[in-house]
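Letters A, B, C and D mark the chains as written, and numbering starts fresh at 1 in each.
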Amino acid sequence: MSDPSRTGLAERLGRLDRRWLYLVLLVAVGVSVVLRPLFPDQPSVFVRPVFERIERLEPGQSVLVSLDYSPVSAPEIEPMAFAITRHVLLRGAHPVFVTLFPEGPAMYERLRVEVLERDFPELVAGRDWTMLGYKAGGRMVINAMRQEMAAMFAGDAEGRRLGDLPGLRGYRRLGDFPLVVSLSSGTPGLKEWILYGGDPSGVPVVGGCTGIGTPEYLAYFPSQLQGILGGLKGASEYEAALADRHPGAGFPRRAGRVMGPQTVAHVVILLFLVLGNVAYLRRPGRRQPEERP
Amino acid sequence: MSTSFEVWIAAALTLMVFSFLWRDNPFYKFAEHLFVGVSAGYWMVLGFWSTLWPNAVVKLVPEAARVTEPAAALPDRDPLVIIPLALGLLMLLRLWPRAAWLARWPTAFAVGTTLGYNLVRTVRSDFLAQIHATVAPGLVIRTPAGAIDWIATGNQGVIVAGTACCLAYFTYTRTARRARGGVARAGLLLLMVAFGASFAYAVMSRVSLLISRLQFLLGDWLGLA
Amino acid sequence: MAWLAGVHWDLVVVLLLATAALLWGMRRARRHGPAPRRRIAGLEAMSEAVGRATEMGRPVMYVAGTQDLDDVQTVASLGILGAVGEMTARHGCELIMPTDRSLVLTAGREVLRESYASAGRSDDFVPDMVSYVSDDQFGFAARVDGVIARRRPAAIFLQGAFYAESLLLAEAGAQVGAMQVAGTAMSHQLPFLVAACDHVLIGEEFFAAEAYLTGDVDRLGSLRGQDLVKDVTIGVLLIGALMVTVADVSGWAQLAWVRDALLAFLEG
Amino acid sequence: MKRLIPRVITTAVGVVLIVTALVVRPEAEATGGPLAVFDFIDRNFSVWFNILAVFAFILGGANLLRVHLLKVVRRQTDWAFSLVTLVSFVAVLVVGLAKLGGPAGLEGSVTHPEAWLTTVFDGLYEPLMSTLFALLAFFVASAAYRAFRLRSVESSVLLVAAFVVLLGRTPLGTWLSNLLPPGLAFLRIDTLSMWILAVPNVAGQRAVLIGIAVGVIALTVRLLAGRDQRSGGPA
């Protein structure tokens, strides 16, 4: 028999009124919604390869970035698009945007206003980055780009001819790019870029996807898919890595700020799990039904 | 603090619903009864205008299409919609005890359509497709370069064996079940792993709903965040 | 007869084989009696829960999922309802069944009227034990949670197709101390029900519940047929995966042909 | 007869629809002949079901009105709240069926941005719906507290899997994993939680789906073969 005072505590914990749990969760999440704390975060084994790939880009190299998401999944995917675009430009590389989603051009517009023009005012569309636009057809678009970029795109979304775009000089087909990034909320998206882009042409593919979609893509990691950002957590890890490696840039950490209340809630629930089990294991005798108001 | 009337209403309703966490109380009762009335009415209105009107009324009386769209071309008349309407009327006979047995016909029709529509779809997408997904990669997974990917191969082995074990868990006949005791038990444990993991994984999306509600209360309403 | 080429022959074959296995099981059960079955704790708990509710003088609540009659799970749930209805009728225990679909309201009443009649308690059947709430999943959940808090049912059966509202219902039940038995084929809601309820019928167990509860020979016989179908499936899984591997590694043309035929068959 | 006819209806409708699903290829052009019949059935029966379901609203609505009217008339407990349901239900029905507030008369969509029904949706329905949804966060917490205990082998496995995945979704998990020596990198919590989701979880879900399909086949065969002497007739 253990110390009676400890048993008393365990017993009280075991019969804890659920409303205390509710109150703790409400206060913890509420306070963190107001204070918006930023927790230190680090890239996981899935995120680190994406970051390192982009970190190794040479100035002047072009990267294909496919914006395969719509407003519905933007809360999860958009922070990834913002962070990766900033990183590519910070390395002096040249992002070439395409989209397989009809809503993609609207997503690019938000990216242009909030990242390209605000954070990099000295850069110019067409010279320092390229938007090729939306093409319907999903995997057929990728197949065509693998053969010949010009077969799919005559020019960029603003009407400049392909030959006049500095970002595509020397990039005639998909295999010429050092990296393809697909930010994907479903089909067509990351899976199509892996199966019809990366696998046949050998170009390295990395990507980002929603939290719910993540497990599906893990089957391709790490051989066919070199790295992946899964949901808000993945985006937050990437932002943290970017801030860590390029401390002077001072970019906002959008996913990191939303992760604050999320993390607090998770820690609170984890704490409940631990407390519940401590109470359960320390209780003398058989389990009694918990108190119900 | 917000000056918008709508924000105040929404905030009041939000607090009323949250009050249920404390205990059942008159505020929750009010919100609950309002919710039932509003949502039941809303769905019936939608059902009328989006299903009954275009698919039954307009098909029986094409001129009715002009009521909602004066410039519309008149669709063809489809007298067969009499069938579901007649079945619907039979259902109302429930209210008249002597003809109540006729009210079984529409239910019989509904059950028949459900079984008929679902069987083939289920066999294709839940049965054959899942077996295909398990069998098709084989047991040895290779990298695009052709070398054996040992991690993926191990994972695929776990998936094939795990699926078989879990299926064995569902066995009903007692003798057969005993014969595969350990395997079925492994299947149950694997199911528990799957349930625990997906429960925890879903916590994040449930919490984000709470966060957005609190952002509304603390930000839009009180102006704190 | 060109249209014959368009028939999904693989599905025809699967359906015919499965039907044959089920009919074999039923015939066997009729001749030799049903084979002994393993226990399913959740099903044994159901009659216990009804008995407990009767003793405590508190009602039993039955929710047949939140989908319409066009979902197979709702149809399966009505079968379980019939058995539960007989239990409450025999015990003279109050049954409340809120529904969120009008078709389920009428079908539920038909089922309960019959089960009260077959229990010899026709007079105890009140149509209002089944009531309509609202087609909205959360409007329905708000109401049912309120009813649970006020009526404090001693037993709650959540049997059918559920979406996000599953945990709203199950937690409200746990808070009033109800004994809860859930059953569903919604794989994404199973984790929540497993966490919040006393017993859960997982997937196929939910479809087998009616056979167990009614003890009907044909239905029990079909369980034997289901076991046979699953055995064959396990065999296809293991042998198929092995064959695909050997075909890939060895490069034998004949085996590659068999592999392609099998995969094409499974692709439908 | 009273029992036979519903049985025949169920079986006939079910079998015809199954044959239809086996024969009709929606991507192919209808070729006339026997296929035309199946094509017709495929297109129409689900519409008919939906018409029937909406028709049933009359019974559902009548039940709702009756239950709450009786409470009000008999002055039962909480009758005042029943009045709230009655008033809001009838008001929404009138607003929606008469398409008040939108374009003139009955023209235009019932969910037109200016229709009063849209105001009701945005002002009352939407906040109630999302708050009910948000209650789930609390219920997830209390269900986890109660259920995830080291009671038996099964519930311990449930607990450990949930714990690992929960921890893996926080920076805390990443931080703890960094304490591991490089040789044990495969035990990193983020890696482990993803592995659980991608491997054992997939196996479990697949088996559940296959089992469900077997259950559906059995239920359908029993009901259509009339081998299911349900107390309530075919339903």
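Couple of notes before you dig in:
We adopt the following convention: a contact is a pair of C-beta atoms (placed from the backbone, for glycine too) under 8 Å apart; a residue touches a chain by one contact, two chains touch by 3 or more.
As the structure is a prediction and not an experimental result, all values here were calculated from the model.
Distances between chain centres, each the mean of the C-alpha atoms, put C farthest from subunit A.
Pairs C-D and B-D differ in how many C-beta pairs touch across them, and the larger number is found at B-D.
In terms of their C-alpha centroids, the spacing between subunit A and subunit C amounts to 39 Å. Computed from the mean C-alpha positions, the centre of subunit C lies at a distance of 15 Å from the centre of subunit D. Averaged Cα coordinates give subunit B a centre that lies 2 Å from the centre of subunit D. Spacing of subunit A relative to subunit B, judged by their CA centroids, is 28 angstrom. Under the contact definition stated at the top, the residues of subunit B that touch 2 or more other chains are 17, 20-21, 23, 29, 31-32, 35-36, 38-40, 42, 44, 47, 91, 94, 104, 107, 110-111, 113-115, 117-120, 122-123, 127, 131, 134, 155, 160, 163-164, 167, 170, 191-192, 194-196, 198-199, 201-204, 207, 210. Shared interface positions of subunit C, i.e. residues touching 2 or more other chains, are given as 8, 11, 15, 69-70, 72, 75, 103, 106-107, 110, 132-136, 138-139, 142, 190, 192, 194-195, 202-204, 208, 223, 226, 230, 233. With touch defined as above, residues shared between interfaces to two or more other chains in subunit D number as follows: 18, 21-22, 46, 49, 52-53, 56-61, 64, 125, 128-129, 132-133, 135-138, 140, 142, 144, 146, 148, 158-159, 162-163, 166, 169, 195, 197-198, 201-202, 205, 208-212, 214, 216-217, 219-220, 223, 233, 235. Within the complex formed with subunit B, the subunit C residues making contact are 8, 10-11, 14-15, 35-38, 69-72, 74-75, 103, 106-107, 109-110, 132-136, 138-139, 142-143, 145-146, 149-150, 188, 190-192, 194-195, 202-205, 208, 223-224, 226-227, 230-231, 233-234, 236-238, 240-242, 244-245, 247-249, 262-263, 265-268.
Touching subunit D in their complex are the following residues of subunit A: 16, 18, 21-22, 25-26, 29, 39-42, 44-46, 214-215, 218-219, 230, 233, 236-237, 259, 262-263, 265-270, 272-273, 275-277, 280-281, 287, 290. Here subunit B touches subunit D in the complex through residues 6, 9-10, 13-14, 17-18, 20-21, 26, 29-42, 44-52, 55-56, 67-70, 80-81, 83-85, 87-88, 91-92, 94, 101, 104-123, 126-127, 130-131, 133-134, 155, 158-167, 169-170, 187-204, 206-207, 209-210, 212-213, going by the rule given at the top. Remark: subunit B residues 17, 20, 23-24, 28-29, 31-32, 35-36, 38-40, 42-44, 47, 91, 94, 103-104, 107, 110-111, 113-115, 117-120, 122-124, 127-129, 131-132, 134-140, 160, 163-164, 167-168, 170-177, 191-192, 194-196, 198-199, 202 touch subunit C in the complex.
Taken in their complex, subunit D has these residues touching subunit A: 137-138, 140-142, 144-146, 148-151, 159, 162-163, 166-167, 169-172, 174-175, 178, 185, 188, 190-191, 194-195, 197-198, 201-202.
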